[in-house]
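Look at the two complexes coming up: subunit A is in both, with subunit B in one and subunit C in the other.
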Partner chain A sequence: MFGINQNCEIALPDTYYTLEDYQSNVPRWCPGCGDNSILTSVQRLCRDEQLPPEKTVFVSGIGCSSRFPHYMGTYGFHGLHGRALPIAQGVKIRRPDLDVFVNMGDGDCCSIGTAHWIHAVRYNMNLVALLHDNEIYGLTKMQVSPTSPQGLVTNTTPRGAFLKPIKPLSVTLGISNVSFVAQVAEWMPELMYDVLKMAYHHKGFSFVRVVQRCPHFTPHVFDNILSPDAALLLQHDDGLRSSDTMLKIYKSQEEHDPSNLNRARELAEREDCLPVGILYRNENVEVYDETRRRKRAVTHEMRKAALEKEFSKFLVEPVTGGNGHA
Partner chain B sequence: MPDVETGLKLDQVSKNGPVEKVVEIDIARDLGQFFLTGNKKNVKTKLSSLSGLHSVYTANLANSAKRRIDFPLVLPDDLQQHVVSLSQFIDSIIENLEGEGEKVEEQKHYLYLVENTLRQSTLDKSAPFAKSWEEAVKQVATAARIDKSKKQELQSTLRVLFEKNALNGELLAFNPEIIQRLFSRIYSKQTAKRSAEFLQKSKDLLQQVRDVLITEFEKSDAAKTPDQLGGQLAADEFNLDAFSGLMGHIGDKGESQSRVKRLQKAETLLAEMIEKMEDGELTVCTDLASGLKQYESELKKFIGYFKARQIALLEVENQYQANLHDAFFEKFDLINVSLVEQALIWPAVIYLKQDELNAERIAEILRIADADIPIKVIIEITHPLEPGRSAYEAMQSPGAANRLLRTLLYGNQTYVGQVALSDVKGLKSAFKKGLQYKGPAFIGIFVGEKEKANERYTEVMGATHSRVSPVFTSNPGKGSTWAQKFCLKHNENYERDWTSATAQFSDENGAAKEVTEEFTILDFLTENTTFAGHCVVVDQAALTDSFVLGCRFMQKEGSVSGIPYVLKYDVKGKAYAVIVTQFLVNLAQKLLMNWRGLQELAGVNNSHVIAQMAIEEEKFAKALADKEAELESAYQARLDSALGAVADEIVGNIAAGLLGQATAPVSAPAATAPKPVAAATTPAAETKDVVETKPEAEAEEDEDMSFDEAYIDTPLCTSCNECVQRNKMIFAYDGNQQAYIKDASAGPFRDIVEAAEKCPVKIIHPGKPLNPGESGLDDLVKRASVFN
Partner chain C sequence: MDKVETLEEVSSALTGEKKKIVLKEHIVEIVSDAGEGAQKAGQAFGAISARSGNGIWTVEIIPAEIQPPPRSKAGGSGNRIRVGSFYVTNAGDEADLVVAFNEQALLGRFESDNLKPNAIILLENKWREHADPEIKKLYRDTMEELKNTKLRIYEVPMERECLKIVDNAQRGKNMWALGMLCSVYSRDMEAARNEIRLTFAKKGEKVIKPNIDLLEAGYDWAEKNLDFKFEIPSAGITKPQIVVNGNQAIALGVVASGMDVCAMYPITPATSASHFLSEIFENVGGVVHQAEDEIAAAAFAVGASYAGKCAVTITSGPGMSLKTEVLGLASMAEIPLVIVDVQRGGPSTGLPTKVEQGDLLMSVFHTHGDAPKIVMAPATIEDCFYAPITARKIAETFRMPVYVLSDANLATGQQPFTKPEFKEEWVAPPFDQSPVPKGKAPYDWDEETGLSKRIIPGQPNGMHTVTGLAHSNMSKVAYEPKTNQDGCDSRSKKLAAFQKTLQTPKVYGKESGDVLLVGWGSTKGVIEEAVDAANEKGYAVSSLHLKYLQPMASGIKEILQNYKKVITIEINYSDDRKYQIFDENNRRYANLAWLLRARYLIDVDNWSNVYGQPMKPHSILDMLNEHFAK
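Let's look at the complex of A and B:
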């Protein structure tokens, strides 16, 4: 972090941001909520990357997870239901200098905002999108969500959900221009941190599905995958290499090359286990905000001049000389 | 034809044993004496004649007129068109030929014939292009073996082809006269390009000045005479006298008159300048003094022009204030002239011939080079060695002109170029760069001294390729370091001492033979008749081991012993050896040193770098050896100590065995062994029980620890707030926002147990209760045991 340069002057960054700099209000999520885990991992990422809070934006839709920007000490935009992605894209295209993160719930992304989701993947703009997937509508007190498992009893499906759930990873991997897809579980903080870091450094649209328990409404939905044996840890030199501790805990592992799209699709389809890690990564997909970036910088002076020009249209010039008057 | 009767037979016979008595001549001894003394009279070996023999390189060039060399040049009248070689011109016609098949092939054939004819007729003497073409076409048509009607057709086709690609101009022969033609052409082209904008502006300005003068006249008394007024009004009933008197009172006269004077002067000078610049013919001086004088006068004139221009600029804007500007223009000088304008001042161009370079002139040139006067000097070099002197004198100072150029190289503000007449591209580039450079420029051109263009071409090419007169440029405009400014790259294989050449011969029987030889300075010198006295020729087959090839001899700088010779071939490809004198070898050696000096400037075989590299390599080798020795000694020390330890252990074991079956002493040395693995691997049956019980005891200890103290697997914490919200005194977050037990005694054991139960990732281990008086402890301990 600190280095001594050759002139023997201690080179210190102007400001060093601590974890507290990224914390805002005390989270009002239920105790035990997985969102807390995601929040902590994201804050750690911000601190370790030393992202200036004034240059970082969190955009969200509606839902429990979408309270995320309130708890970050950065800029944030609590948007409309399902509309987090277009807002984030708008922010990014006008201000490419900002780091933009998107937080969406499963209802936000996979239900009302599905169209935006699909096109956001296709546009491949330089964003990090987190899908907080607890497979239930929690904020509105337990209604079925598009990712709820078949047979889940909710307030809207008292006899159990009768449709098969949508598979966010399979959908994302099927859209053209997809460039980064990963999956983690909120109860693996170390892995989540590593994946988020990779997602942040990836150039393009990074889609991370975070499987997340709702301690209040779906405490047991994930029981079958909670045990370490149920997770399939994806490892590769081009993807992630987990620490020895992780490898000891999660014994079932697979060497998976993130550039292998077909294998990634197979993994996304698996129901017997939870593949966690980087499923797909391709740095060579064109990034929309770079290819469509305007060539000319818009300076303050140019804005001012344009405004002046507009204003001058309404300027009433005093008439000089007596002849003009009737 | 050379006479081939040498000591060969005698020598061979003597080797095979003296069958019959012959007069034996030791050829090495005989020619060795010639090598040392240069005295031909005492040579007893039968010799051949040098005439008709060529080096491999020059054999190739022997008939330049039949080869597609760069000459003659086509010099178009139109300034906008480029100077091209005749071959290029013909190639461009061929490229644009319409149609295909036999007809085109035929046209091509005749075009090449025309080119050949043209080259033969104009290589020696320049001539107008159109006329020469016409003659060549006629000649080709006459010689062609075709019908008369077809001859007519051929003539008209070739004529049409020429007109289509029309180039009005001249064919320039290969002789030194073209230098000035080329130079002045490049000069006018450059000047026209550079001054175009300035000229246009000046013309506009002149027009404005004239307009101002007209209005000034209107204001003057002269314009207000009754006649003038009448001319404008043409009214009979008008009282012109009275009107004239009235008008005469209007206006400010004193100021106006001086202004008119200034403007008139400016107008004259501007007009003069424009005229001069537009049709400016370059005047080339043939000696230094007049060149400098001319430069001085031109400079004065130009300063006058620029001054007039400045005045005119102020006047047309009506901003000339006499009280301010008069004093300034009084002292107007070169420093007041802008850099753009300075670049338009004509340089003095001086054309010198090598034999005019006496000591005085050389001193003068060096002085000028130092004074930064923008003069451009072209020196015609006829001989790479000093002209008009005996060979012995020449040796003392080879090449006055070449030497002068080499000396000038070290002046940092001087453009220096040495080029060959045969290299049109190099010539053009040197002229261009030399003219563009703001300071003095010296360009030496090796032109050779042979009369016939054919022979001259061979001579020039030979001098360039053998490195006797190498091609180089130093352009300080590109930068001040040698790497930036100095260029030697236009010499073939410039990293080497000399180049090699390949020639093909066919002998009496018509068998083809290909020979590749190095073309060294010595080879070139032996081609020159000046040094004929220093050469004797023998059949190559007569040579013994005592002779070495010139290039090997020169390269090793005297470390090779033997009599040096160079190889020459006759038209049939038969090889002859030319033995040279020591004098000639020394001369060649000296020229080679010059070349190597240039190479070092160009960064080839830089001796400083080589020396430094040797030092660094030595250092590196030493460091490597030191490191090796260090590693070896360290390894040896470790090996010794390990051997010692093993010996001790063996001795201990033997001693223990001798002392009895007591178990304790046996395990003692094992326990003190540096690695615990040693203890585990001890196979002694007696110690088995001890070893087996040990891990159990350790495990028990671990368990005791884990039961006693509460702890959290902090790295696995998901920061869900569950525990922290339960009891902030017991649980807290660390720097990564992950939970740890801050103080287990700060709250009831119940809180810890309940937190462990609620923890979504089950990472809280409650341990044992610290307060034995807590209620319901039994139940809590039971519940906690699941997590411990």
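Let's look at the complex of A and C:
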């Protein structure tokens, strides 16, 4: 009747997770902290993807941003300064069935844990890593960070930071096996959501730098890029297509093919603007946790057989009667 | 057959016509330049001896470099095999017989006091007529010098004899030397041929045939040209034995324990355990992850343990220093973890290939604040196999890091042990992934024992965030003073609960007396051999060996009190009282002595050194002689 299938049924999932299911403790971040915005986007992503909270793990390091797992309704591992990545890798190798996210601050990722960051890119494991980059050490009260702009006055550099900052995107894009690099700012929630969604669906290590204000210590550090005109919105059919609203606000745009590594590197080096969106994406990079995945479960019989096989290589059965002669 | 037991008697018996001398034991060394195959020959000789029912202990002689300069004193590579007509528990004293492929490697062993003064030397003599005048002169000068020693040197034309069979004597001289040893020690040649077939099984008949020919040629030459022959009767060992070194035993133990994630970073002398494990995992399934550094290796293992079954990380002392923060986290967050530390000489980079037991205090106390963990130490190669199985079980039951302290002695030492029979209970049952009752505390600490059941990702309703921050039983960050105290209490209770399960170790020897020697780790066999020798001399000496160092079993204080003096025997540093500056106000003790003094308030003394050498039974006896002479 009227073209309507009378047998239609709506398949409803048994459980529907709401935003509340992903919330836990009330965040203790400062009012206006960019971490709040990241938390909201991530919770929205979890809800929209209907990630079972018990099958989702957030692993973090140490610092303001690393309190993140405590505020999620999922499993979490608030680990050690700089060591979030290797812990997350261990979780993932043991449990490919889990969705594993990593939250790191700029101190975590770009200073004390730099070796792990470099190698995490190389391992290219199925993880989503968020670099909460506020360009300052916040929790320890305003010390210079490797990403702090040169000249920034901090408690350890009273006359201004001596060195030029490290460029997290350039570094990441310079490492072999890089497979997903994106950048967003926490004051662009819609774009952040879109980027996180792509990062989540990417097969391999998704590295997302989130430029994040620290209202307490570096409220003005991003002044030059806060204006919508300062952002360079990356658009592509193989990357992201933003909404009309976004395109109206962020007028400075570039058609950037995310498979173009050289152009991605050029964009990462830009200092006159903040390129946001997907810089690089390549699904054809080998994924370490898939390469190393055990093909089948090991039964007691298999374990026993393997041991027996090894034992047989080193077995010595004494010849009765002791010493013989030629 | 004359029965001769001391070397002095052997020497006198050697004069005159060739007799077969029956020995209780002999220590044989084969040394060459790296790559000349002395290690292979040594291993084969050990295996043939074990097949003949002898007790054996073999140790590798390893230069620090991969390809050290040839003909150098420090570059000697090879094997030391102690063969006995009894169950051999350690590498023993100095060598009785040495096969040396050049005189410099021989000098290296001689000058480092590894040979008996009147040891028999079978030395390659091609250098005497070497084309290079310098080499020729050096060889002849060395021979002149050695005439002033008591060494009994036989110059053997090894290469010349080998060239009768093969074109390149460099490859194959080792098997010729093996044949010579088979004659000297009256070995069953069929067993020797079988050993060669086994060694070269992968390479096929083309390689097996010439090697057997060389073996037989070496045998025949020795039969004709050497004026002595020994026999070491069987120790009566009849059960099938496994001959592996300590690192291989650890790898086998890891497989047997069901642990299937090992994260590591290369470090001497631990790495060969991971090599072997990687190989086995290719067959049985498992991951050896070579991480970017020691910290990452530990963190990777902790991540894997957190999400399910217990994982293992294998390292040595410098790696332990680096892993400290992660081990503190594992203790704090109550994540099971097995850490194997194959100890080497320290501090800092120290003596990478040499033995030391210097990591005990670090293992018990390292990390800031109070982070309880369990420390155990295998004493034999067999223990190395069972240690990971036990450690895994303890780690999961008590939600705690468990340290297994092996050392370079065990790592490269080989001692046959009865072939283990795999038991299913060695492997953890699959993790229960069922839903958790709502509101269940992730650290539901038992009031008495501090124990709680672990909740892992995947379990519905169990969601929580583990943290290295002080936390409540709900794993919530502590903002009240009492929370941290409660957490620390609960974690320490687990250690006490584990301690209640330990059995009092048994004394070796009489239950009271003048001196009790206390040891731990790889020195058990040496200490007990020294105790036997001391008792034969009429001293009232016993020994106690500790396998659990943290916590220690009950009843140890009572044992220590039964002796007039307690001395720990350790291969680690302690202040030597011969220096006047050391007195009771500043004296620093050996690792175990510190622990025993602190816990039992007994005036425990220590005898220790850091020469990086395996301890010799007679050196302990010398110390006791001195003690009783006072």
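The criterion applied here is as follows: the second predicted complex is superposed on the first by the 287 of 326 C-alpha atoms of A that agree within 3 Å, B and C clash if a C-alpha of one lies under 4 Å from a C-alpha of the other, contacts with A are read in each partner's own complex, and residues count from 1 in each chain.
As a working rule, contacts are C-beta pairs under 8 Å (C-beta built on N, C-alpha and C of every residue); 3 or more make two chains touch, one makes a residue touch a chain.
Values in this document were obtained by computation on a predicted structure and should not be read as measured data.
Using the contact criterion defined above for the overlaid structures, shared-chain residue A:Lys55 touches subunit C, although it does not reach subunit B.
After overlaying the two complexes on the shared chain, residue contacts for A:Gln43 are found with subunit B alone; subunit C is out of touch. Of the two partner chains placed around the shared chain by superposition, subunit B is the only one that A:Leu19 touches, whereas subunit C remains out of contact.
By the touch criterion defined above, A:Leu315 reaches subunit C but does not reach subunit B.
Within the superposed three-chain model, A:Tyr75 lies in touch with subunit C and out of touch with subunit B [touch as defined at top]. After overlaying the two complexes on the shared chain, residue contacts for A:Gly32 are found with subunit B alone; subunit C is out of touch.
Note on subunit A: of its two partners subunit C and subunit B, the one contacting more of its residues is C. By the touch criterion defined above, A:Asp97 reaches subunit C but does not reach subunit B.
Contacts of subunit A with subunit B, set against its contacts with subunit C after fitting on chain A, share not one residue. Those residues of subunit A that touch subunit C in the complex are listed here as 24-25, 52-59, 62, 69-70, 72-80, 83, 85-95, 97-98, 115-116, 118-119, 292, 294-298, 300, 302-304, 306-311, 314-326.
The part of subunit C that touches subunit A in the complex is made up of residues 47, 50-53, 182-183, 186-191, 219, 231-234, 237-244, 248, 252, 255-256, 258, 260-261, 263, 280, 283-287, 289, 291-293, 295-297, 299-309, 311, 325-326, 329, 416, 419-420, 422, 424, 427, 457-469, 476-477.
Chain contact summary for the complex, subunit A toward subunit B: residues 19, 27, 29, 31-34, 36-37, 39-40, 43-44, 186-190, 213, 215, 245, 249. Residue ranges on subunit B touching subunit A, taken from their complex, read 715-722, 725-726, 735-738, 758, 760-761.
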